[in-house]
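Which chain is which? They are A, B, C and D, in the order written, and residues in each are numbered from 1.
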Amino acid sequence: MLKTAVVGTGFIGSVHAKNVARHPGTELAAVYDANLDFAKRAAATTGTKAVADVAEIFDNPEIQSVVIATPTNTHVEYLRRAAQAGKAIYCEKPIGLDYQEAEQAVEAVRAAGVPVMLGFNRRFDPNHAALREEVKSGAVGNLEIIQMTSRGPNLPPISYLATSGGQLRDQTVHFFDLLRWISEDEAEEVYAFGAALVDPKVAEVGDIDTSIVTLRLSRGTLCQIDSSRRTGYGYDERIEVFGSKGLVESRRQRARGVSRYVGDKVIEDGLHAGWFERIEQSYYQALDAFVSAITNGTPPSPSLEDGLKAQLLADKATESLKSGQPVKFAK
Amino acid sequence: MLKTAVVGTGFIGSVHAKNVARHPGTELAAVYDANLDFAKRAAATTGTKAVADVAEIFDNPEIQSVVIATPTNTHVEYLRRAAQAGKAIYCEKPIGLDYQEAEQAVEAVRAAGVPVMLGFNRRFDPNHAALREEVKSGAVGNLEIIQMTSRGPNLPPISYLATSGGQLRDQTVHFFDLLRWISEDEAEEVYAFGAALVDPKVAEVGDIDTSIVTLRLSRGTLCQIDSSRRTGYGYDERIEVFGSKGLVESRRQRARGVSRYVGDKVIEDGLHAGWFERIEQSYYQALDAFVSAITNGTPPSPSLEDGLKAQLLADKATESLKSGQPVKFAK
Amino acid sequence: MLKTAVVGTGFIGSVHAKNVARHPGTELAAVYDANLDFAKRAAATTGTKAVADVAEIFDNPEIQSVVIATPTNTHVEYLRRAAQAGKAIYCEKPIGLDYQEAEQAVEAVRAAGVPVMLGFNRRFDPNHAALREEVKSGAVGNLEIIQMTSRGPNLPPISYLATSGGQLRDQTVHFFDLLRWISEDEAEEVYAFGAALVDPKVAEVGDIDTSIVTLRLSRGTLCQIDSSRRTGYGYDERIEVFGSKGLVESRRQRARGVSRYVGDKVIEDGLHAGWFERIEQSYYQALDAFVSAITNGTPPSPSLEDGLKAQLLADKATESLKSGQPVKFAK
Amino acid sequence: MLKTAVVGTGFIGSVHAKNVARHPGTELAAVYDANLDFAKRAAATTGTKAVADVAEIFDNPEIQSVVIATPTNTHVEYLRRAAQAGKAIYCEKPIGLDYQEAEQAVEAVRAAGVPVMLGFNRRFDPNHAALREEVKSGAVGNLEIIQMTSRGPNLPPISYLATSGGQLRDQTVHFFDLLRWISEDEAEEVYAFGAALVDPKVAEVGDIDTSIVTLRLSRGTLCQIDSSRRTGYGYDERIEVFGSKGLVESRRQRARGVSRYVGDKVIEDGLHAGWFERIEQSYYQALDAFVSAITNGTPPSPSLEDGLKAQLLADKATESLKSGQPVKFAK
């Protein structure tokens, strides 16, 4: 059975640790966190050991794979170290805050020849995956319009936004990846409108909280992604693909299926309170795909290159946002 | 063009008068009501003449068809007169309050050989009609369970209930007809549970306001019809047919298609405020079917016999309600 | 009772003629069409007279109001003539093909001081109207994102497109009007992406059939309108308004409410086959608003100025489409 | 931490074992199955030990609680033994096949004074639980009509049916419990219609596969439960409570949230393939309630008495089915 360690046991790292622990194809060999108390807590609830020095993981030849779930600014370093140690890697997105640095990390990992999967877990949401199957089957024909909605329930702390790279790199990047994955196409042109409509403090740290990005793909598909950092109604995610033969939609999800009919209204349960409740299941599915790929010796997907390409889209969209002009991609 | 007169211009008679006036295949020749003022008002809004004596309609050889929309206790008389005068007849349901009397009227009409259609307009609701088409096409296979919901928004006046024949004869009778029409089968056994849960005054006049009727049809299908005289949320009508290959449902209808997402709820527009808003369209469709049948010389449907059979179901269900025992139908 | 004439009895003119005929607050005094046979047909089904010379309408002092439903290139002329004759006017959109000419017609009408309503009938769709009421009530707070979908079932004839002014002026213009009406705000900037994805012949006549228009309004709201000339699934219209307190949506409408559960699918009735089935009701509502305004002596809405402003939006969006650059509106 | 053993590791016992293993408030001390291989398999995937003799569980003072998930005909024996050993007990439903025997087991357990919870896990379905909260809050007023649908995807093996006690005792019993739990009321009268419509072999073993049960509760509520052993479209469960102020519904659940619009249809993902996919989550929620109750020293619910009362309802409904007459409950 594949022995896996989890590096970084904050919120998402702890989720990965639990998933590794309960997955029948892999066992949780160790956990590490810069804060040893965090690591110990995660170890206690999963029945594994916490290590105080991450080298105990990288230098342990029995550990075959690692999940990197540390803060983004350490991804590149851990990717390099894990690659040099010959581990299979599951790395949380994004690769790095800086595109050039990320590109170099990818080079290094590629040179080491280890299998790496990037944690774009939304690809494993059963609804989005079913939508993509419909698209791939040709059921909607040639793709003409793609619409995506990405709206989080609450504005993150301003301190977080200040170092996040901006809404398009931090939030919308997931949807840039979904767009490439669903369309199996690449962007030729992007234009972004954005503003700090939720809170003027967002503008003070140079960020936006509300945006509409439009893109044209190489085969002509027109795309639109709207993002908001704060809804008044939970976590809102929706994808719609319109093609020459029809439309397929991954609908807004309701937290529960209860309706109340009263007076002239029907009151139903709303959306999930947060992004995690909505897509929790996809983390396990993503890990499962990683374990299968490593066990079977096939390349895991999404790849680090997918991560780089989504980051490039986010960078170009950010460039458009700043210049107020559409940006074309070099061919 | 078919010349049609409307006898009785209360609420539903006025609806018929307007529909006759705007239907391209027939023209409104005259209207009559026991209350001449009512007739004059209907005549004014439809551009026809009001007659003070109904004989002016029955004796006028140019008038080829009549719509009977008078109070139920006069249906039998007008059916006989119209039949004797050789008119094609569209008669509002029910045929009469008393089953024996109704049976005799049917005999008389049959003897006269005129075409008659009974106004079970719900058969012409586009949703129910589409459900029946699915059933007839075999899409759900052999019918195993049929469920119907019939719930009106407000308790009618107690004075109305006192002479209505009871909930099963007055309200549920429409669904007894729909059941026969959808299943193309006849009941073998019926059991009814009922009570005055809405208002004890309903019990004082010997009626109920809430009921569940279960039936077994000759080919084995099990059926359930629940009826209420008062919802807190508008007019609620729903049909579900479960068969060996699947399920088909004519869903609850919403008055409008607007959703509001706020907090942890989604608030949508509710059902139609009343039965008329919900099924208004079916009156025109029913008239259209009548005009087509008369014009083409084909027998109109639903027939008077359909009316009799639905009344028999209502009578037997009422018998079960009173005895507290299931009632079997003679073969 | 208000005496109204209908000028132009093609498809939409005939709809107006029928609605005038059945509206209790107005009567249909006459109809005119350049093709007298068309006018005679409309007259026959509505019980009015057809006139061979439109002057018989404009010169008749008993006719108080006119509905102009002729081809767009004659609107300006008839607007002038009707205004000079002192008639109240209901004019089909758009005012004219050319913005300058339209502006001059508006001046002329304003000088005459007659009441004029522009036929942006979608404002009277009960669903869109309910959405706007929610927005006006403050239920969704400050508007942050508005999304609109406008997709017709079938590509119109290429010959029609060649003289239509282009997709943004001909199709999307309705949604530019809805956008102004719902937001009660004006655009500051617009950017349009478009292409002939449905049929290359559309490009040959200089038009597009698929587009995404993004706009920024003066109070910061970000907007997106996608338009297609051809779906594979009927007529698709949807509006979503996202604000600081929640979301309100005027949903896709289904033609009927029937569901079939079979295997691992639920098959439901789809959208309306065409735009007319979807919004037919709004024509009557719009006429009703016109009749009420004229009868009560209040200014009808939407006004000619609303028409001009929607045309300006369409012009600027078309300019952006051609230049490939965002276009800002002069303050 | 509460030490729990699982007795019986067939399909549902294995689910319980996994849930105990991952629940933070309890640990899985041992598993037992009459088939030691089954027990070993369950032990391997949960990291616990398998015991060959169930006495190793009952005699081990460190084990504080047991989950009984063996075949129904052994429940009574294990309930007695666990009670005598002073364990807290979570027992799968039903208590026993025979009502008298079950009653005696309840006496014995009551005498021992140990806390016992009966595994009516549907009470912990988040949708049904939310419906009940609405009902308890008074949101729908006095209960007038309750409708429940219980339809499984596939006919179980005839050999299973032959010893199951019949559809009403084996399948519908869950809904008898839900009915009592939601209404907080007891039945006064029951009438059942049933037949073998799916497969005549079902009749050969004296059972039915399709039924409609109607009940009247002591406060007047009229209830209807329809059950089928085989749909053509997955697992179908639905509850609707109609009261004096409105309606609340726990809707049919869809397996995924994807819609395809094509032609004149909308094709959506259907229901869950089986009952387990639909209510899997409720097993963990039920265990969680049990662990909380035991840890906090509060009585767990649903109780053994709840189990007895649901069995009594099933018995009386079966009596009605056989006699063809309504059955009243002794007060």
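One rule holds for everything that comes next: a contact is a pair of C-beta atoms (placed from the backbone, for glycine too) under 8 Å apart; a residue touches a chain by one contact, two chains touch by 3 or more.
Predicted, not measured: the structure shown is a model, and the values here were computed from it.
Asker: Which neighbours does chain A have in common with chain B?
Answerer: The common neighbours are C, D.
Asker: Using the contact definition stated above, find the chains touching both chain A and chain D.
Answerer: Under the touch definition, chain A and chain D have B, C as mutual neighbours.
Asker: Using only Cα atoms to place each chain's centre, name the chain farthest from chain C.
Answerer: In terms of C-alpha centroids, the chain at the greatest distance from chain C is D.
Asker: Tell me which has more C-beta contacts between its two chains, B-D or C-D.
Answerer: When the contacts at B-D and C-D are counted, B-D has more.
Asker: Could you label the chain B-chain C interface same or different, taking same to mean over half of its residue numbers are used by both chains?
Answerer: same
Asker: Using mean CA coordinates as chain centres, what's the chain B-chain D distance in Å?
Answerer: Distance between chain centres, rounded to whole Å: 42 Å.
Asker: Between chain C and chain D, what distance separates the C-alpha centroids? Give it in angstrom.
Answerer: Computed from C-alpha means, the inter-chain centre distance equals 57 Å.
Asker: Touching two or more other chains, which residues of chain C qualify?
Answerer: Residues 140, 231-233, 236, 245-247, 261-263, 269 of chain C touch two or more partner chains.
Asker: Under the definition above, what is the set of chain A residues touching chain D in their complex?
Answerer: 22, 24, 45, 47, 126-127, 130-131, 134, 139-140, 245-253, 256-263, 269
Asker: Taking the complex as given, what residues does chain C use to touch chain A?
Answerer: Answer in residue numbers: 140-142, 144-145, 147, 151, 189, 191, 193-195, 197-198, 210-212, 214, 216, 220-224, 226, 228, 230-233, 236, 242-247, 324-326.
Asker: List the residues on chain B that touch chain A in their complex, please.
Answerer: So the residues of chain B in touch with chain A come to 231-234, 236, 254-255, 261-271, 273.
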